[in-house]
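Both complexes shown next keep chain A, but they swap its partner, so chain B is in the first and chain C is in the second.
Let's turn to the complex of A and B:
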């Protein structure tokens, strides 16, 4: 069997695909964070909680109504986006004139509430969500076997990321959004409903997080705390990439997922911390982040 | 919070409040309150005061202060149980570790400001958490158990709860006075200038990053002291001491009590610790929901915190006679 550094090649490739799967989640989540931050100037600490709610929405849908995976993929993000829009209207709206740290603190509180409610209702243990029938099984590539579901997660996430990039950078709606990021008052003077745009942006951003949650449900355990440590990793990703750039958020997410996967092969003890170590090194070398322009 | 211009009308009530508080603190164990609970409260109050030095007076929102609190608790526990150190050297060792860690984290984090600073401290604290989880000297998932309290210089035995309480109370009062002194020192005034207008402080020639780093290290050292004393009192150091939850709690204590006020963090710590003590066995996981709700309430309707609200009310009512006293009073956030 072929080995690299004494590790069998299939094991490395297996970890790399897992890393790619995680990287896709990082990309989806940091993309949503970047979009929200770009327009609302709010760092959404509840992002991990919305990811968790997305996964739970799929789980509850299946348990209570027998909702299938494909329908959940559509409805769960919509439901969570709606919840996000309500939270924006009720709470976040009051904070736009204040120091952005208040937004961080408020969404931290929202995350605690969401996680606490789910823990009371469903307990702390993980629930499993079945892989949909169509995506079960593996591709045999000759040099490795690739579970179809993993390939689907990566393809679906990257497609959604690309579509979001296209929407923001290449369409009229995206142009309005970017203009509002630069100067909201001027855009409002042109007759654009900026408050609605803010609500929709927050909804869309947390909807992306929920979508990541549904995609993750069959590969991780669905549990109330599944998002609470993930959001910290995503913050580190965002610090490394710099929040100013959509492409930067996506690339950094995927790249760090891959690095994390490789670390699992080479030095498993460090796989939890490698992202944070890289963040520290990047900050020493380039304080504004890889794609940042502060 | 320009303490240089303390309005005379604020001085007298402040002295009365402090006098009453010290009296209550001295008598508390005699009133039948459980001393271990009181010590825990004092430790968290000290932690919150240290945190307030950063958030209240330098406007740096650290989301990772549990790293200093917890690592110091671990080091103290390890020195005392494994190496047979005494209480004092154990605490000093813990503080030294927290100070070094604070210097390392601070040096990286002060390179960015605002929300980036918050995210960086959060991420680095998570790094510390995972190191504590995997290292052997911390006892991993179990943490360190049955840490002995030892004695002060071999003379005063800290084993009795009430002795421990008065020892921690003395340390707390010293730290509280130290923090007041730091805030009103020239160094403290530079910090507040940075808080109010950082670009201007830079253009006046202050090495702003160095001031911020020093504030960060001081705050980390005092947080470490609080963590060490907590470990000695309760006899254990666990992963929850270094966790994100603890970092969040100290923010809540400071915010709820009133950032940038001296007594606010003490009040906030009192409320949060009491809530946890009495709610945790009654409502279970709802504690997290309640704490989250207090967070939301603090940020949306109650940004000055309890002590801040009282101060500004008081300043408004007593300031009607003299115009300048009301402006100075309202700036005492």
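Let's turn to the complex of A and C:
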């Protein structure tokens, strides 16, 4: 059998495929963070909590209203985005002119409250969300069996990532957004409602997290802690990619998923720190991140 | 997931603020008997005992009559957040400032080992429940520890030996990467090899991992017949869920070395059916257990787990011993606890061995299919009842330091 570094090739291919799956989750989550940081300068520590709330919204929708997966994919992110918009209007808005640490503390508090409420209501061990009928079953790739659902996750998140990138970097709306963050007063002078734009941006970033949550719901236990275990990794991804860089967040997300996948074969014990080792190295070598501007 | 200094910092500040409220500082020791519970209230094991554990302690106190030796009984509880230093320092603080008489330590072997050291130094009775590591009455034993509920030896003797005898000869382990996981894997490995089986490999996975698919592919590549899950809580549910998703359960038989009723409940029978597991207690064993479960359910709206029942039993036995010797003196109470037989709704004719291990019957269970389950929480059927000696072994652990003297 062909081997690479003493590991059989099929195993490597299998792990790379899984790495791609995880990487697309990272990409989708770090994208939302990067959008929020890039445009609002808020370090959104509640991102993991919104991801968790997205998954729970899908679960509650199914249990309470029999809402199916496809509808949840649309409605859960909308509901969470709305919650995000309310939080932005009521609290975050007051912090834009202050030191970024205040935004971080506020969102961190929001995350703790959200986790606490869900834990109180649903318990720590979480709930099961079924894989939708249409996506049940597996692809046999020869070197591994890939559940159809995981393939769908990759396709869906990469599509959403590409669309978001296009929206911000290539459309008039995106240009207005970027301009608003550069010089809000000037943009406002052109008759554009900047505060509304910022609310919508935070809502959209949070909605992306919730979308990732719905995508994750059938794969992992829907539990109050599901976000807190991811958010730190996702922050590392954003830092490595360059704070605020959209394309950096997407590419780094996928790349780190792949690297983490390989680590799981070579030295599994290090799989949850490899991302941080890379972050440290990148910060030494390029303090602004791989795609960040100095 | 463990890399969250800020999160844990803020959490502990919040918790300390919360928990210091009901406790009057500088209470004169002696006017109440103080029972403490340091457990995971917020993390991956919070559903195993958590608030339900505190409730079980209160139920035992109520059943005992609310007072002992004419003194009030007070209950303290705190979250160790799966961090040994937090557990140990809270324990020390309660002994020094609140006149703590007995501590129940919930979940997490690593934290329990740290707290056992405090128990030995402070001469306070310490009852770990839900922490699996058999070293708690072996290399880490103390004259003041009582390991209640189950240990890794009993779990392995139950699940692993049954599966090997039924033809599951080759094993691959997915192991939680800390004291509990490695002790559980070691115990299971001993049982597998002793019964003529073979361990083909293992992978150590960090606590709190959510994506197990990579590790499962490695397990599958080993060609082993049995997938040994030497983990617990959400680690266990997430690994079993992914095994199902990747079709690994079609070629490998999953063996839960430690699974709780709360895990099966959250996984649902659809995913968990057919699974073998070992438990020290089940709510639906007999009229006595059902009566306890009914009262518990009325308070918590969940059926009790085996360890919540053990919380109840250990509190009750402690209070009985205090009453019998007419004192809360730790040495006298320990002697009485090790002398008396235990007979309550949790265990029959059980006893506490010289090394502090509570020896009682264990049950090998199989999880029912959705069709077999007749009413809510009807999850297990009894495959085998193991006597205490079969489960835990006859002799006290020779590696226990204070027995060597």
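We take it that the second predicted complex is superposed on the first by the 279 of 294 C-alpha atoms of A that agree within 3 Å, B and C clash if a C-alpha of one lies under 4 Å from a C-alpha of the other, contacts with A are read in each partner's own complex, and residues count from 1 in each chain.
Please note the rule applied: a contact is a pair of C-beta atoms (placed from the backbone, for glycine too) under 8 Å apart; a residue touches a chain by one contact, two chains touch by 3 or more.
On a predicted model such as this, the values are computed, not experimentally measured, just so you know.
Asks: Per the contact definition in the header, classify A:138: touching chain B only (first), chain C only (second), both, or neither.
Replies: In the superposed model, A:138 contacts chain C only, not chain B.
Asks: Who does A:8 touch here: chain B (first), chain C (second), both, or neither?
Replies: Touch status of A:8: second partner only.
Asks: With both complexes superposed on chain A, which partner does A:59 reach: first (chain B), second (chain C), both or neither?
Replies: In the superposition, A:59 contacts neither chain B nor chain C.
Asks: On the A-aligned overlay, A:126 touches which partner chain: chain B = first, chain C = second, or both, or neither?
Replies: The answer is second: A:126 touches chain C but not chain B.
Asks: Does the superposition put A:228 against chain B (first), chain C (second), both, or neither?
Replies: Both partners.
Asks: Tell me which partner A:108 touches in the superposition: chain B (first), chain C (second), both or neither.
Replies: Both partners, chain B and chain C.
Asks: On the A-aligned overlay, A:50 touches which partner chain: chain B = first, chain C = second, or both, or neither?
Replies: A:50 sits against neither chain B nor chain C.
Asks: After superposition on the shared chain, which partner residues are touched by A:219: those of chain B (first), chain C (second), both, or neither?
Replies: second
Asks: Is A:272 touching anything from chain B or chain C once the two structures are fitted on A? First, second, both or neither.
Replies: In the superposed model, A:272 contacts both chain B and chain C.
Asks: Considering each complex separately, which residues of chain A are in contact with chain B in the first and with chain C in the second?
Replies: 108, 112, 119, 124, 228-229, 232, 269, 272-273, 276.
Asks: What residues of chain B sit close enough to touch chain A in their complex?
Replies: Residues in contact with chain A: 59, 61, 63, 108, 111-112, 114-116, 118-120, 122-124, 126-127, 130-131, 133-134, 244, 248, 251, 255, 284-296, 298-300, 303.
Asks: Under the touch definition given earlier, write down the residues of chain C that touch chain A in their complex.
Replies: Going through chain C, the ones touching chain A are 1-4, 6-7, 10-11, 14, 42-47, 50, 177, 203-206, 208-211, 213-215, 217-218, 221, 233-234, 237-238, 241-242, 245-247, 262-263, 265-268, 270-271, 302.
Asks: Name, in rising order, each residue of chain A that touches chain C in their complex.
Replies: Touching chain C: residues 8, 10-11, 14-15, 18-19, 21-22, 108, 112, 119, 123-128, 130-131, 138, 144-145, 147, 149-150, 219-221, 223, 225-226, 228-230, 232, 261, 264-265, 268-269, 271-273, 276 of chain A.
Asks: In their complex, what parts of chain A are in touch with chain B?
Replies: 43, 91, 94-95, 98-106, 108-117, 119-120, 124, 228-229, 232-233, 235-236, 238-239, 269, 272-273, 275-277, 279-280, 283-284, 287
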